[in-house]
Structure formats: structure tokens, C-alpha cells
Amino acid sequence: MIFLNDPINFIAGWMRGLLTGWGLPEGLTTVIIYVIGITVLIVFAMVLDILLVWVERKVVARFQDRIGPNRIGPFGLIQPFADIIKLIIKEDLTPAGADKLLYNLGPVLAIASVIILWAILPLSEKIFGVDLNVAVLYLVAAGALGTLSIIVGGWASNNKYALLGAFRMVANMIAYEIPMVVVLLIPTILADTMSVQGITQAQSGMWFAILSPLGLIIFLISAIAELGRSPFDLNEAESEIVAGFHIEYSGMKFGLFYAGELLHAFTFGGFMAVLFFGGYGGFFGLEKIGFFSWLDNPFVQALVFLAKAMFGYWVIMWIKYSMPRIRIDHMLAFNWKFLTPLALVVLVNTAVLSKVLAGLPAWGYVLGMFLSNIVIGFITVEILRAYGRKQHKVESKLSPQNTQNQEQAV
Amino acid sequence: MTVDQIIFILCAALILGSALMVVTTGKLIHAALWLVAALFGVAILYAILQAGFLAVVQVVVYIGAIAILFIFAVMLTRREMLDKGAQTRSNWWLPALLGLLILTGLVFLIIGQPAFGRTAAEMPLGVDTLRNLGMALVSQNAFVLPFEVASILLLAALVGAVFVASGNNE
Amino acid sequence: MQNEWLYIGIFLVFGLIVPIVPLVFSRLVAPRKPNPIKQSTYECGVETVGDTWVQFKAQYYVFALVFLIFDVETVFLFPWALSLKQMPLFVVLEGVLFIGILVAGLVYAWRKGMLEWA
Amino acid sequence: MSIPLSWYLILAAALFSIGLFGVLSRKNAIAILLGVELMLNAVNVNLVAFWRYQDPAKMAGQVFAIIVFAVAAAEVAVGLALIISVYRRRKTVVADEIDLMKW
């Protein structure tokens, strides 16, 4: 029963006893236990990553009215493993003039920047890597390493398309990092902590998605941009720059970029669950009723978390396969002229209201937060509508030639 | 020699080695990437010093923003200095001498102070550094003025840089 | 505190090792028969013209610049956000003032037309 | 925490000296700014080390380190903007050739 209620500490305690029994010093024991725990966690993430390849291909097939992988194994489940074997035994080309060391460093950094996010991902109350008190900023820091991997990969390839793709991708990522960081402040303010465990537990009664729906939307948009997925995939616009920053990569190195992207999307789904949907918990107090007490079990919590993360991943896929690609000027204008100001307004609103409404009973607090978001959302939509009307008038006055000139300014 | 000290020495080797590469390497883009390595080493140092917030901020600001800006600038100005020819002045030994002089002077100063030889006390329990930092930044009898002045500094930098970079102000 | 960062450090090392393993494995089993045509820069079969270093739009730099300033600003806001619960309403206004001053910078860049991609 | 304070200070001094060497010996203006970054980081290491070794309850060291971050960001933003602006007109980033104000 102890194992079922607190598996990690149970195993760690048992191993600590075993190792110190062998006469190992305390510090070394800790390191060995850490290493084993980290290995298990990373292996879990990588196996999940392989399954995500299958999920992604199945889902995109459904969106495009196909069946998807169905030949190897039941429902094509063995397909991703076959893909990996193929990628490994493929010849790995290094273009002439490439910066060899940096060329290899690119994909390694790309996937490392995703894997390190799993160190803070709270799978359940008892199953997690580490509970940093700066976890929210750690998420941003890992994103910084991802940006670096792209610019390194794109530069080292010694290819015009790759460099152009890297430039676009980096411009995209750094632009949308601002609204993302601003929105990350909202769960921080609401939960009064930056630790992901604290944020999850603060949502046991009420999801932050309800307290700040606008924050959730902005987070989703900027997360997709950070991932470089459609509609923000102009880094790999096939019709212009072929495959963007990873154009020269082949074999397993390309596979690493691909795997990194999928795992990144899933991880962001997980963080969306943690920051806005209550993570592994958030049953609105249901778990306190005797009949539902099994919801507190770490394994059940982990399943709930993975389900929520998968939902977030599915939403990201849904958007990816439904939206056309956005143009770079629109992409930048959308961020700097719309998303960033809106994110700042939502932040100020949350900060002020969390102070003003603090004295109210719980339902008043929730209602006030929710309604204020609705009002801001409504005003935003009205401003957008007025702007759209004005723009429509201006454009109808222009001759077709002028519109063509605008099109060329990419 | 304890584990702490070994980690510190490895970290110091990373920082100083990368820093030397920053100032000597020929290709500017490599210099910028070595700067990233050096700054990452400093972030590890902050983590060892139990300033977790600063460690993360170091990565976010320096690696995520400043290094990217440097790389962009190198790429924008690359044409002229195609990384050919000497990157350092012909009289590079003079600055080297000056640097060594300052270093020896500082090291003598530091070693001469017995107060600097002590090790840190254990972190007092129950002190939430992060929250203290927040309180210090906004409370009126602490650092609220630097906090607001920093925003004005950033505003001035933004306005100035945008004005200079816009280029159509002849 | 110390142990948390030790954990992160080990995690980082492993995060770097994990992707290297398949690369090394691939190196061992994959064929390697390079030739100049295979290794040439891929530009849709067209011969590469000139240096990779095409001139980039300086606009990329301006956006990176605005990003840098706002990135540092948000870093200041995290400690502020953590102090909100304990401090009076006045502190919220300090933060709002901080944000307002920087939004003035964004407005300036906007009015100056530096946020246009043209 | 068995590391003496002097280790941090010596490391910072070495980093500062290397940065100084970079600033004085480099031709390229961008490389000079890279050296300045190293020097600023050396200062920050000192600030944080003193914070940890004096009284961790007093936050002055960390606050100043954050202010240094802001200063570094401002310096890089304006400095690189100037360099790019000069580059556009004079087609050079060599600090010695940017000498119009000398005469």
C-alpha cells in the first residue's frame, strides 16, 4: 500500500537503505538515486515521444480523411519504431562548408532543451522530478536554449534557406516569448508562487482557465508560436525556403529535430494543463468526498495529468492541421500590436483585481475575475472589428495594383 | 577537496576558458557562442550560490536575449569583415599586460584580506529568498526607486535604440 | 535548495547525452560514402550562387531589440508578482507604473513605424 | 558550502581582466561589446557572492545584480544599434575606422 501511495519516495527510501548498507557515503547515494530517477523519467519521455509520432500521424490522417499508418503491427503501432530504424541506418550527410561541431550541436541542443522541461513537469503530487521555486521562469529559460539550437543549426548548415529559416524562426520565437512570459505572470499572481506544485495545488478548487480565460488563450497562441507549428510555421515554408533551418539535416539528426518538436508540443500541452487546468488535480473538491478519494492516488493523478496534456497536444494539432500559414509581417504585427498589449492589459487587470477582490467570498472572486476577462475580451473584439471595418474601406479604395505591391513585401 | 569545490573548479574552468575564447577567437560568431558558454557557466555559479532566481534570469536574459541580439548584429554586419585578417590589434600585448597587471593586483588584494577566506554560513532556514527579493524591490523603504528608475532606463534605451536603428533620421 | 540544482544539473547532462546516443549509434551502422555532389548545398538542385551571407533585413534587429527590452522588463515583474499578496494595493500601482513606462516605449516604436515589416 | 569567498572574488577578477583585454585588444566594435559583457558578468558574480556570504536576508546584492541586468540590456541595445547604424553609412565595424569625430 505504501508503494501505491508514494511510489517514488518508497523506492528511493528502499534504495537509500540498500546503498548506505553497502557503506556508500550519503552524498554519493543521493547522486546515484538521482541518476536512476532521471534515467527512468527521460526513458519514459522518449518512449512517449515515439508513441507521439504514431499519434500525430494518425490524427493528421484523420484530419485529411486518410487512415494513416496501418500496415505494421495493430493499427500501425510499430510504424514509428520502423521509422527510427530507417533513420538510424540512413546515410548522414554533412554539407561541405558546414561548421561540423556546431552542425552536430544543433539537433542535440534542440532535443535537450525539451527534455530538461521534464525535470519540473509534475506528473502527480508524489511523482515529479524536482519542485523548483522558479519553475515558471525555468520554462522560459529552456525556451531560450531552444532558440539557440535553431540559430546554431541554421547557421552551421551554410545554406541560404537554412539561415533565412533560422532568422524567421528566431524572430518568431523571441517575439512571442514576450506575451508568453507576461501571461506566465498570471498563474504566478493567482497562486502566489512560481513552483508548479504550488500552482497545481492552488487550483484544486478552481481552475485558472476560469479565472483567466484570456490568459489561457494568449498562452496557447504564444505556445504554438514558440513551437513553430502551423499557423506560425513560416520557418519551414516549403514554397519559399523548403524546410527552413533543418533543410540540410538528414538521417537521425533530422529525426532528433522532428522528435524534439513533437515532444515539445506535448510538453507544452502538459504545462498548459499545469498552469490553467489544475494539472494532476483540480477536481473542484471532488476528491475530498469519501467515494472519490481514489482520485488522490499518485497513479490516478499521473493518468489524469497525461490525459490533460494529451488534450492540450490535441488542440495544438487541431489548430496545426486546420490553419493556413501566416505571413511574416502579419505574424510580427499580430504579436507586437495586438497580443503583447492585450497580454499586458490582462496582467494589470489580474494584478489589480486579485488585490481588490481578495476580501470577497470565493464565488465573488471567481465571478469578478471571469467577468472582467469577458469584458476585456469583448472590448478587444470590438476594437478589432472597428479596425477591420476601417481597413476594409481603405483596401477597397486601393486599386488591384497596390494590393499586389503589398503582397510582394514579404 | 569536497564535491562543492570540484564543481566550482570545473565551473570556473568553463567560464574562464570560454571567456578566453571569446576574446581570442577569430570568427565573431564563434566568439558570440563562446560568450553563451561563459554566461551559462556564470548561471551555474549562481545556482551554486543558491541564487536560483538569478541563475534562471541569467539564462533568460543573457542567453535568450542578449546573445541572440549579438548573433543578429554579427550576421547583419558580416559582409565587411569576412572574418579574414587579424581580429586583434597589432599591439595586443599591451592590453594583455594591463590585464595581467590588474589581475595580479586584485589577487594580491583579495588574498591579503583574511576576511575573504571564510566560507559561507548555512542558508538560514525558512528564509524565502525569492519573496524577500520581491518585497525588497517594491517596498518604499528599500529599492522601489531603483525599480522604477530601471524602467525609465529601459524606456530610454528602447527609444534611443529605436531612434538610432530606424536610420531615416538624417 | 542545493540538491534541487544538483538534480537539474544531472538532468541537463543526461538531456545532452540522450540525443548523442542515437547519433553515435547511427554513425556506427549507417553507410558513409560522401561525394561532392551529395555534400553540395541543397538549394532545390540549383547551383549555389555567391556567399551564404545574403544581406538580411535590418528589421530583424529592431524586433530583437524591442524583445530584449521587454524581456528584461518581465524579469523585473516576477519578484513584483510574488510580493503582491503581502503588500498593500499601492504596490500593485508601482508595478502598473513600471509597465506603463515601458508601454510608452512600445507606443513610440509603433508611432515611429518601426513595428512595420517593410 | 565549503568554498571560500576569495575563490569567487578571484574568479570574478580573472573574468574582469579577460573582458578588459578583449575590450582593449579587439578591432571589431561588436567584439568590444562582447568584452564589456564579460566585465559586467564579473561584477555580477561579485555582487551575488557578497550577498550570499554576508547576510542572505538582506537582498541588496541580488537587487543590484538585477539592476546590472537592466543596464547590460540597455547597453547592448543602444551599443549594437549604434554599430549597425554606423555600419550602414560607413560600411565598417572596425572601431579604429569610425573616426569622424576625431578631427
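Letters are used for the chains, namely A, B, C and D, taken in the order the chains are written, and counting of residues starts over at 1 for each.
The working rule: contacts are C-beta pairs under 8 Å (C-beta built on N, C-alpha and C of every residue); 3 or more make two chains touch, one makes a residue touch a chain.
Since this is a predicted model, take the numbers as computed values, not measurements.
S.K.: Counting one step per pair of touching chains, how few steps separate chain B from chain D?
M.R.: Minimum number of steps from chain B to chain D: 1.
S.K.: When I count C-beta pairs in contact, which pair ends up with more: C-D or A-C?
M.R.: More contacting C-beta pairs are found at A-C.
S.K.: At what distance in angstrom does the C-alpha mean of chain D lie from that of chain C?
M.R.: Once rounded, the distance between the two centres reads 21 Å.
S.K.: Take the average of all CA coordinates in chain A, do the same for chain D, and state the distance between these two points in whole angstrom.
M.R.: Measuring from centre to centre gives 33 Å for this pair.
S.K.: Would you kindly tell me how far, in whole Å, the mean C-alpha position of chain C lies from that of chain B?
M.R.: Their C-alpha centroids are separated by 17 Å.
S.K.: If you look at chain A, which of its residues touch at least two other chains?
M.R.: 132, 137-138, 163, 167, 170, 174, 177, 194
S.K.: Counting only residues that touch at least two other chains, what does the list for chain C look like?
M.R.: Touching at least two other chains: 4, 8, 53, 56, 58, 60-61, 64-69, 71-72, 75-76, 78-79, 81-82, 95, 106.
S.K.: Among the residues of chain D, which are close enough to touch at least two other chains?
M.R.: Those would be 66, 69-70, 73-74, 76-77, 80-81, 84, 88.
S.K.: For this entry, which pairs of chains touch?
M.R.: A-B, A-C, B-C, B-D, C-D
S.K.: Which chain A residues qualify as touching chain B in the complex?
M.R.: My answer: residues 27, 102, 132-134, 137-138, 140-141, 143-145, 147-148, 151-152, 155, 163, 167, 170, 174, 177, 194.
S.K.: In their complex, what parts of chain A are in touch with chain C?
M.R.: Within the complex, chain A touches chain C at residues 30-31, 34-35, 38-39, 42, 46, 84, 87-97, 104, 107-108, 111-112, 115-116, 118-119, 129-132, 136-138, 158-161, 163-164, 167, 170-171, 174-175, 177-178, 181-182, 185, 188-189, 192-194, 242, 247-248, 251-253, 255-256, 328-329, 332-333, 336-337, 340-341, 344, 347-348, 351-352, 354-356, 409.
S.K.: In the complex formed with chain B, which residues of chain D make contact?
M.R.: Spelled out, the residues of chain D in touch with chain B are 1-11, 13-28, 30-31, 33-35, 37-38, 41, 44-45, 48-49, 51-53, 56-57, 59-60, 62-63, 65-67, 69-78, 80-85, 87-88, 91-94.
S.K.: Contact residues on chain B for chain A in the complex?
M.R.: Touching chain A: residues 3, 29, 33, 36, 52-53, 56-57, 59-60, 63-65, 67-68, 71-72, 75, 128, 130 of chain B.
S.K.: Per the contact definition, I'd like the list of chain B residues that touch chain D in the complex.
M.R.: 2, 4-5, 8, 12, 15-16, 19-20, 22-23, 28, 31-32, 35, 38-39, 42, 45-46, 48-51, 53-54, 57-58, 61-62, 65-66, 69-70, 73-74, 76-77, 79-81, 86-89, 92, 94-96, 98-100, 102-103, 106-107, 110-111, 113, 115-124, 127, 129, 132-133, 135-137, 142-143, 146, 150, 153-154, 156-158, 160-162, 164-165, 167
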